[in-house]
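The two complexes that follow have chain A in common; it is paired with chain B in the first and with chain C in the second.
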Partner chain A sequence: MQFCRVRSVAEAVDELSRWGTEGRILAGGTDVMPQYLRGEQSPAALIDISGIDGLQGISEVGGVTSIGALVTMRRLATASLVQLRYPALAQAAALVGAWQTQTVATLGGNICSAAATADTLPALLVADAQLMLVSKSGRRRVSLEELLEGPGVTALRPTELLRAVEVEPLGERGAEGYVKVSRRSAMDLAVVGLALRLSVTPSGVISGVRIALCGGARAAHRVPTAESLLLGSQLSGDIDVFGAVGEELARAVGPAVSPEAHYRRRVLRGLFDRLARRCTAQIPGASG
Partner chain B sequence: MSVLGTSPERSDADAKLRGQAIFGADLSRTGMLWAALARSPVAAGRIRAIDPAPALRGDGVLEVLTSADVPDWRTGVIVSDTPLLAAGSVAYEGEPVAIVVAESRTAAEAGARAVALDIETAEPVSTPEQALEPGARLVHPDWNRFAVAGGEDIGRNGNVVAEVVHDPGDLDEAFAAADIVVEGTYRTPRQYQAHLEPKMALATYESGRFTIEVSHQYPFRLRDRVAQITGVAPSAVRVVGHHIGGGFGAKLDVSLEAFVALLARRFRRPVRMQHTALEERLVAPCRANAIVAVRSAVRRDGTILATDVEIVSDSGAYANNGPALSSIPMFVFGSIYRVGTARIRTRNVYTNTAPTGAYRGVNGPWLVFANERHMDAIADALGRDRRDFRLASLARDGDLMRNGQPLTEASILREAFDRVDELAPWRDIVSRNQAQRGIVSRNQAQRDAGARTSQPAESDADVLRGAGQAAAIWLTNPMPGHATVKLNEDGTATVITSATENGSGAVATGLRQIAAETLGLAADAVTITMPDTDATGYDAGSQGSRTTHVVGRAIADAAADVRTQVLDRASRMLEAAPEDLVITDGVVTVAGVPAASLTLGAVAQAATWSDGPITAGASYVTPTPPHDPACATGMLIKGWPTPTYHLHQAEVSVDTVTGRVTVDRYVVCQEVGRAIHPDAIAGQIQGGVAQGLGFALSERVDLDHGRYVQRTFKAHGLPLAEDVPKVEMIVMEHADPAGPYGAKGAAEPPIVPVAAAVANAVSDAIGVPFDTLPITPEAVLEALEAEPNGETVARAAREPVVNRDGEQERETTGRAS
Partner chain C sequence: MLVQPSERDVTIRLVVNDRAHQFDVDAGETLLGALRERLGLTGPKEACYEGECGACTVLVDGGPVASCILAAGSMSGRAVRTVEGLARAAELTTLQQAFVRHAAVQCGYCTPGVLMVLTALLDEVPDPCESDIRRALAGNICRCTGYQQIVEAALDAAASVQP
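Here is the complex of A and B:
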């Protein structure tokens, strides 16, 4: 196996086009190395992008935030911009593995691995993440929803590099959060991860809802049927709408074929209620 | 100044922290060969053929041996039922079938994988229930031909490896007189020791003798077992012990050592083996899974008239020490609480699973789990406060245990209840938890009534809280120990013993302190040897909290003898009577005359070059306590020597959304005789509680058709640092007259009551009995849903049913099974 250390995006896309399906990008390596050691992957070349400065950094241009592919979980969890404008993402990043994992694991790696249990994906989905991809033949921009084709399967071409992720900030009267349930209190993958972003009008009507899940049999995904239940409802109304949304989410994760799936369905009902209350409590006047 | 009750640094701390300590797994020898085992991939089957050819084609592979190439007799600690390599049939997944010898570890392991095994699989006997079904397939059709050590009758019969029966014969009468009968069935899974250093062994063969180098808890047992398997005299085997990276009971018997011995003799080269992580998991001698059914006849005033206990524990495919451990129920039921007349039957049975064995607190965690869950069930049935009911039921000084042994210090446990209550008052906790249940039910009622849902709930409105207690009386293992103490010519002392430092600090601190105290030295002036069966008297290993008590006593006696010799020599040198001399910090002084002094070094040198070096040896075995030898059949452990007393109190919160249980507060009150090294005791308590919490809540050792489901550390689910609260500890001292400076055992028991206390707390929180371990989030959610009308807070109402008109009407409470 060849180890190629690249210094720029240009070098990276050159190597990618040279190796094609035989090449594999190495960022933090927290997915690549275990797979390699278990013999599940044996690429001809590992293309180490960790030294590309251009993939670092979090910037804000014209109200849109761009997060470099190499930004680590630790950075996402602690950066004040992320905590303030993308709290669900900060919360999700802080729940990846343990401190050690977070120090090396990158956002780009979490996205491109596209594991069904990838914690940042629901948070990115509720922030309508757009991915900036680059290859030798040019650039393209795809939404995260389009990119995710299945658990561990993406629309990323073998010659493409993820450069950055653009996310839409939380509005004035908005709130969001991410909750994760796993078997152990740390260092464990999600049995279920749930992200919610809400915006509410001054009169207390829910004007925007995004709900996304991970941890099931599918890749992380939004749940439109649950979102529409909530959209337009009055927060100070007296219907148990959170309960209904929880039920819908439980339905959306599919039949309880395994004990784990059964548990996931059970948990989701109360989990949504908990997360929704936590979010609405943060919106001024919304919980009146 | 006394060194007892202080916490000097461990002798091995520096080397272990710096990574300089040589563990068994670090050992290597010039010209060393490696060997690896091909193991049965199935739980049961008939071996049709073993083809070594694919393995032999591997680079560096020298030979493949099968049962035809090794001694063909069966051996065992108690029942000689275990072949070295399976012949004819396999009885569990992981059973050794062939051994591959190679020039390197990689080659040996690749070879082991390559050996072609042709096995006709059979339907395994997977559970103890199955093993006991009438007409069940026999795990060993030829069980009747296996010899039993000492020719003892241990009640073997088909799949029953051992049966211990205690039956005073008066139970029916007592049950007829009962107001209520309370019944429960308590089920617990296996528990895996999960020590970090894998099992290994290194053997050399020279001048007709084996030297086995190993990290092992019980070098002398190893000596005897290797001799038994290889067919040589025990004195032809020398076992040398190295630092141990954890054992918890898993390193008490032979495993790879006999293989390396035979191969070292065959190849006349050093041979080394070591388990892979998967092998560790597959063949670990886990704590046995067990089912304990308890039925009690109770009077309305709370008197327990009779208790009927029926126990089945899983031995796995071979007997190991299961028959001996089957005596332990006799020391749990009726020793802690008065349980009336009791019938106790324990059956240890064969299944097609990996043999179970010793794990810290053998059988204790599940016996105390059953005993204490049952106490809660009775208290609930009577409508009594659970602590009050325990206090009223506590055994008293002079009561007899079921083996007829008098409880001489039972009142220590009552004191423990008081001490814990001072620190964490039960009544306050119970009323706080009740108030919290009120919050949760109001919150739920509001939601059910369709009240405004977006209200932020009161901060922890979906958390239920509960508290539980569990008590235990645990033994200090009595088995023999020996020590030689020598005074070095520089005035320091060396203790020569095969007592084994298994991590607790018993050797690295406690034993050194005992020698230092007796000799008037600082603890760091005492060196202690690593085990070597050629160089020391017999030692029964690191098990059952015995080292400080038994070996400590031998050391105290030997050191006292050394001290006498020192004073005798010094009195001649100082021209003073021995009784006028004091030894402090390595200096002998005539009392009141500071100028008249000599260092111990000067005394030792003078002695060595005149009368000869100053040394002394001593042995100790704890005598078996008085008991009734006819109390039960099949009993191999007759008494419960040097008991210690324990009360644990757990407070938990249960997240009603996720089902996760968090242990908020954990209090341990433990009686230790005398605390030699308080920090080491604290370490044992914290660690024991952590292991107990794993057993109660998170660890998984599931079997599916005889095969383990979880096969990695990750899947196993040990508790993380985050899951274990800082344990609050109360250490009580009631000196044991026979112990060194009063010390009893302290290391093993902190694991024993944990699962019981936690299960009682969770059951209290939810109002549903948890009689099966582990209490997983899934199980919690299921229990919450099973509550009528989703009412998560109402405690199950259990009306005691009273005898009417001589007609018995009984209600059975406890979980339906």
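Here is the complex of A and C:
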């Protein structure tokens, strides 16, 4: 195996096109290295992108935030911009492994590994994340929804690098959050993770809903059928609708092929209720 | 597992415990392997080799990392601190002294990693509460102490550096 330390995006895409499917990008390495050490992966080259400064920043351009692929979980969890405008993402990042993992694990790595249990994915889905991809033959932009094809499977080409992620901030009259159930309270992959983003009109009507799940059988995904149940509800009034949404989410977990699926369904109902109450309590004048 | 015959060397330059080093590592080598086998720093311990237990924790640019799953080849330009780099001129740090006072060490296998995480915490939050300490330690497994003495030592260390 060869170790290629690249210093720029241009060098990275050169190496990627040179190695093709034989090369593997190394960012924080928290997925790549354990797989290599266990003998599950033996690429001909590790293409180490961790020294590319241009993939590090968080910036705001025209109301959209661009997060570099190398931004770490620790940084997402502690940056005030992320805490204020992308609270679900900050909360999800704070739940990835323990501090030792968060110091090195990158957002790009979490996206490109595309584990069914990847914590940042539901939070990114509710922020309508768009991915900036680059290869030797050019640039393209795909939505996160389009990228995720299945557990560990993405539409990323072997010669492509994820450069940055663009996310849409939470509106002024909005609230969002991420909750996760795992076997241990720290250091464990999600059995199920749930992100919710709400926006509400001044008269308390829910005018925007995004709900996304991870930990189901497939890749992380939005659940439009559950979203539409909530859309148009009056917040201050009857919130029995939360129960119906929880039921709909449970149905989205897929056929009850395993005890895990059964368990996920059971916890999802309670999890949604908890998250929805936490979010609505944060919306000014909506706690009726 | 650390050294496979087909691997190509990569040269790294880094600072470990305030001393500059330059040496070759293998492509799949871990920072833990490099520290222990090339630099003779056996403070960071080998246990799970999966990033799960914290025994191998060192600081990279001040942040705690599981060195057992970190590629040594990525470490150029980084500053690493291991437990050997805590005491200055043979004087233990306030945290280390508190560990001694509180008998927070039993078999000692987890101790180097625990000390590194708590050192990072006290750098960031000089007056942590018990839950800050427990949260910081979520990635460190100790099979002996039950954590209580460790938490008490950390609280004591924080109190003794307060003005």
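By our rule, the second predicted complex is superposed on the first by the 287 of 288 C-alpha atoms of A that agree within 3 Å, B and C clash if a C-alpha of one lies under 4 Å from a C-alpha of the other, contacts with A are read in each partner's own complex, and residues count from 1 in each chain.
Keep this in mind: contacts are C-beta pairs under 8 Å (C-beta built on N, C-alpha and C of every residue); 3 or more make two chains touch, one makes a residue touch a chain.
Remember, it's a predicted structure, so these values are computed and weren't measured experimentally.
**Student:** Is A:143 touching the first partner chain B, the second partner chain C, both, or neither of them?
**Tutor:** A:143 contacts neither chain B nor chain C.
**Student:** Classify the contacts of A:2 with the two partner chains as first (chain B alone), second (chain C alone), both, or neither.
**Tutor:** In the superposed model, A:2 contacts chain C only, not chain B.
**Student:** Mind working out whether A:104 is in touch with chain B, chain C, both or neither, as first, second, both or neither?
**Tutor:** Touch partner of A:104: chain C, not chain B.
**Student:** I'd like to know which partner A:56 touches here: chain B for first, chain C for second, both or neither.
**Tutor:** After superposition on chain A, A:56 lies in contact with neither partner.
**Student:** State whether A:235 touches chain B only (first), chain C only (second), both chains, or neither.
**Tutor:** After superposing on A, A:235 lies in contact with chain B but is clear of chain C.
**Student:** Once chain A of both complexes is superposed, is A:66 in touch with chain B (first), chain C (second), both, or neither?
**Tutor:** So A:66 meets neither chain B nor chain C here.
**Student:** Intersection of chain A residues contacting chain B with those contacting chain C?
**Tutor:** Shared contact residues on chain A (touching chain B in one complex, chain C in the other): 185-187.
**Student:** Which chain C residues qualify as touching chain A in the complex?
**Tutor:** 1, 4, 6-8, 10, 27-28, 30, 49-52, 54, 57, 60, 63-66, 69-71, 73-74, 76-77, 117, 120, 135-136, 138-140
**Student:** Touching residues of chain A toward chain B in the complex: what are they?
**Tutor:** Touching chain B: residues 181, 183-187, 235-243, 259, 262-263, 266-267, 270-271, 273-274, 276-278, 280-281, 286-287 of chain A.
**Student:** Quick check on the complex: what are the chain B residues that touch chain A?
**Tutor:** Residues in contact with chain A: 447, 450-457, 462, 656-660, 698, 717, 720, 722-723, 777-778, 781, 785.
**Student:** Under the touch definition given earlier, write down the residues of chain A that touch chain C in their complex.
**Tutor:** So the residues of chain A touching chain C come out as 1-3, 5, 26, 29-30, 33-34, 36-37, 39, 46, 48, 50-51, 74, 97-101, 103-104, 185-187.
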